[in-house]
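Take a look at the structures listed below.
In the two assemblies presented below, chain A is common to both, partnered first by chain B and then by chain C.
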Partner chain A sequence: MAIESLTVEAAQALASGYTAIGAGLAVGLTGIGTGLGEMSIGAAAVGATAEDRGMFGLALVFTVLPETIVIFGLVVALLLLFV
Partner chain B sequence: MTEVISGTAPYIYVSTRMRVRKAKLIPREEYLRMLNMGLPEFTRLIEELEYKREIDELSASFKGVDLIENAMSWNLAKEYQRVIAMAPGEMKGFTRDYLHKWDIQNVLSILRGKELGLSDGKIRAVLVPAGALDAPTLDRLIAESSNERIVEQLPIKQMSAILGEGLSEALETHSFGKIENELYKYYYETLIKAARGGMKGGLPFLKYVMFEIDIKNITTVFRMRAQGGDNASQQNIWIPGGAFKPEELERLSNIESTDEVVDSLKKKIKVTVLLDALESLREKKPIYSIESTLIAAQLNQMDRFSKRNPFSISPLLVYLERKKYEVSNLRAIARGKEAGLASEILEKYLVM
Partner chain C sequence: MFQPRPMTHLLIAASKAQMASVVTELYRHQIFHITDFVDQGKEGYEGVKIGVPQEHAGDLSNDLLKIRSLESVFQTNPSTQSNVQMRPAETIRAAIDSELPKIDEEVSSLTVKRSNAETRIRECQQRINELKPFALVPLELDLYRGYGNLTVYAGYIEHDIEISFPHEKHYQAGKDGNFIVVFVESKNSAEVEKNLADAGFQTVTLPGESGTVQAAVDKYTVEKNEATKVYEDCNVKIVELKAKYADLLAACDEVLSCDVERAEAPLRFATTDEAFVIDGWIPADEVEKVVAALNQATGERVYVVVDSSEVEDTAIPVEYNNPSYAKPAELFMDLYSRPKYKELDPTIILAIMFPLLFGFIVGDLGYGLLYLLLALVLRKTLLKMGEMGVKAFFVIIGAAISTSIFGLLYSEFFGVSLPWHSIIFSRHLPIGAGMEHAMPQVIELLIISIMLGVIYISVGRFFGMINHYRMDHPGSHRTKAILSQFGWNLILWGILVLVLSVVDLNEYCQFPFALPTFVGIPTIAGIIGAVMIIVGCVFVAIENPLDLMELPTNTLSHMLSFCRLAAVGLSSVAIAMVVNFLAFDLFITPAMINLDVVGVLLIIVGVIILILGHALNVALGILGGAIHPIRLHYVEFFTKFYQGGGIIYKPFGLKRKFSEE
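What follows is the complex of A and B.
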């Protein structure tokens, strides 16, 4: 009985642990992806804005487009943790 | 100033800036509009463009078309220096090497000017300090008493050695053509060496340099054909390193039939833009029109290179060349209008 109860608790702990790791990976890896994407776009956006200030708004929109990737990761993490 | 280089970001930053600057250059339609303007209207328009600051700076020393011409040269030199300062890592080295041709042009202008007995001011007016030799260094060279002293005082030792070898002959024959050939050979040799030096981004640079050598050699073939006569004295005028060997070029320059020359050239050329340009050269054209066609093909191919390699030296080189031709076009329009040339004739001299 004691062994079975311990096993269930251990399994639950293990599951919540894996869930937390999964959530962490979802946010972390998508964050890295976003960073890599924004690095190139950001450099180009700063270059374009340096030459023509009128491009600032458009450049900013393009720069934040890869943010969607990390938002997807965050949604996955929230689903894992709270649903 | 400490330079911080991290990954590809600086290359992307500079390439984008060059693309934006290229997009701001004067478009074809604007040139056509300028051709229909009178000189005062054209002058006013130039003053409204990015040359305003230089025109204001030089307005005390020059006037009229001289002012426009000098302001544009000065703007070009400053712009090139700004591009060098902006270029990151290996790009800076390639850009410096590429702009070295302005040193050759400036030194030859000084030597030719001194030989012709021109005043220091007139020599200074044709210089574009866009290379390694800055304006004070060029001023010091102009102030030297003789051509021998200029060659001795030249800070670029390889150039000094080449000039030293051929100077006495040039002064005797009153022709700097041979020295010029040798200097350009040394220039392209340096570029190929730098591109093959194993540095990152060397391959697109090498491709571009080889293409430029081909264009130069093909232009020389057509020039030689236009001159006619005995071409035996042309030895050593061909620049090695491109698709054609000097012997082939020598043979081509002596062929009478233009069709045969074009067919022979097309056998070795794989670049579509240049193939189309060569095809258009079958019909008889004056040499300036042939040169404009080949330059336009060169610029179009550079545009293609820069699209294929968007974050390399290519966008920077395209901008440098397009800017050079913008200045050259505006100078041609200004001088042409001053001389009263018709718009149709002027248009043929422009690279659009």
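What follows is the complex of A and C.
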């Protein structure tokens, strides 16, 4: 289908479809990134907590540090969808 | 507020004859933090040694050990016992002398009897288990032994085997394995053994009993039942003794712990042959009271010096000095690190902001009320856990109330709109029936979050300047450190001025007030912003040029990190609304129209989705709502000014629950 033959509605539908895919990719890919980051931190944090239960609080905070990445993804997705 | 409790350094010296009364007096007041004396052999300290415990310390420790072992038999723990009336310590001490040996004997004879019974039960059970396979072989137990030239094999085997010598064989296939008994002449035993081994034979011990297998099993069963009865009797008696003595033991434990701690206190003092010195800290407002009490207790035969010389602030114990409403937040501070003595103590900021941020993120009346309910359900457990539990309880209560209030403001109840429009910002998403035209105020929420971030980072830098001023030694290094902190703030605000000179945020969002904008004067604002950034960079570079590498993370990334407040909140709303959509729009509402058997099933599925979904969101809300604000404080705020690492103030003495002197 050539681009010239698109109606305005079809173009809008296409645009909103691409937006939704973009939002999905933003959250999904950053989620994978966060997961990879948290993987090794989480393992170390569990080890530290097993050694000393007092470490639990700090370990938990360390574990959620990479969550920033997925939150930026979430922000981008929200901006794509609702702004 | 912002400052720990002021402390005074005290040195208490007296002759050894006064030691007991000084220790007792300090112990009674429970406010003196002892700095342990470390014998480093320094010049000027010749002849000064660590003290030795009082003579009776060993006996006291032995008694305490006995009590602890009794407590472990009774499975009681004094720290979780409550509602016990206070008893005078003297009567408890008398009871330790008169009753403790009696109780100990009574309990230990019971435990010996119980453990014998336990061993017997285990032995009988083992014999029964071992005899079980022989029950399937039609032979009496005497027939398995006592032969001159016959060898007997009994055990489990993978499959039946053929034996080419004269023999008697009993094979029984079974679920737990195939059991085989073989009698052969001893001269053929080597061959037979090989045959058996090839079939995976595993031998079992031949029984030593006589008569039929059933008779032997019955005998052991009777014995086992008798032993079980003895075991249970012992347990009942121990429970009776526990009910009788638990309170007394808790009190004895407390009195002895106090006595042991006092008797061993000299291990923390510096002593000479005739005298001793106690080094320690005491809250400044208590000095007079304690000095007077010491003088009275020793008949003025004690010498107390207030040492006002400069001391490293890592050596001064730190006790929080917060108003009562800020106490619960001390939990988060101790999770990170206790502030140093001269450092600003940010507890109060956490105390105010944590519930607010939690509410800002979760913000749902339904969830808020659920958290409140959760706190009330956990109340007993938490309050039993001591000071920490009490703090945790109030943290949850604060967060729950704030969540409810924000829920009212956002107009949210389990993701459903309340009968009014949202009062501050709308977070309703276009999910589900009737919500097609909902438009969440994402930009407004993000801007508020980032504004909060800018304030946090600026305040953090400002605190950093104060901390450097108070904690560093005067000199050019201190000036540079303060300038560097100021420089970071200039960079941050310079970037903001630059952004606001090209973008008018008012075009993108609607606040009840106009946001500042410099688009009318782009050149002037641009120049001012650029100058601020350059001057800021220069200030930072004066202290350490390499610090400029942190420019992207320290300003932009930390500022944008506060976006999580809006984003996590919106994701929590989204989950709630999706759960409602799944449960109501897909299952419950269509089923209600035409109610039949399938309809009822659909409604049940819908209700299950509703409950599980919201339970998940409540749990995620606790994680997201609590961890993200804490992380913002720890990572984005504290890194600007806070080091921590102060010594925790531990006054000499024990809080008594069961006894009084």
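For this structure, a couple of remarks:
Please note the rule applied: the second predicted complex is superposed on the first by the 77 of 83 C-alpha atoms of A that agree within 3 Å, B and C clash if a C-alpha of one lies under 4 Å from a C-alpha of the other, contacts with A are read in each partner's own complex, and residues count from 1 in each chain.
Please note the rule applied: a contact is a pair of C-beta atoms (placed from the backbone, for glycine too) under 8 Å apart; a residue touches a chain by one contact, two chains touch by 3 or more.
All values derive from a computational prediction rather than experimental measurement.
Of the two partner chains placed by superposition, only chain B is touched by A:52; chain C is not. In the overlay built on the shared chain, the residue A:8 is in contact with neither chain B nor chain C. Residue overlap on chain A between its contacts with chain B in one complex and with chain C in the other: absent. Residues of chain C touching chain A in their complex: 335-336, 429, 439-440, 442-443, 446, 508, 557, 560-561, 563-564, 566-568, 570-571, 627-628, 630-631, 634-635. Chain B makes touch with chain A in their complex at residues 7-10, 12-17, 20-21, 24. Per the touch definition, chain A reaches chain B in the complex via residues 39-40, 42-44, 46-48, 50-52, 55.
Against chain C, in their complex, chain A makes its touches with residues 57-58, 60-61, 64-65, 67-68, 71-72, 74-75, 78-79, 82-83.
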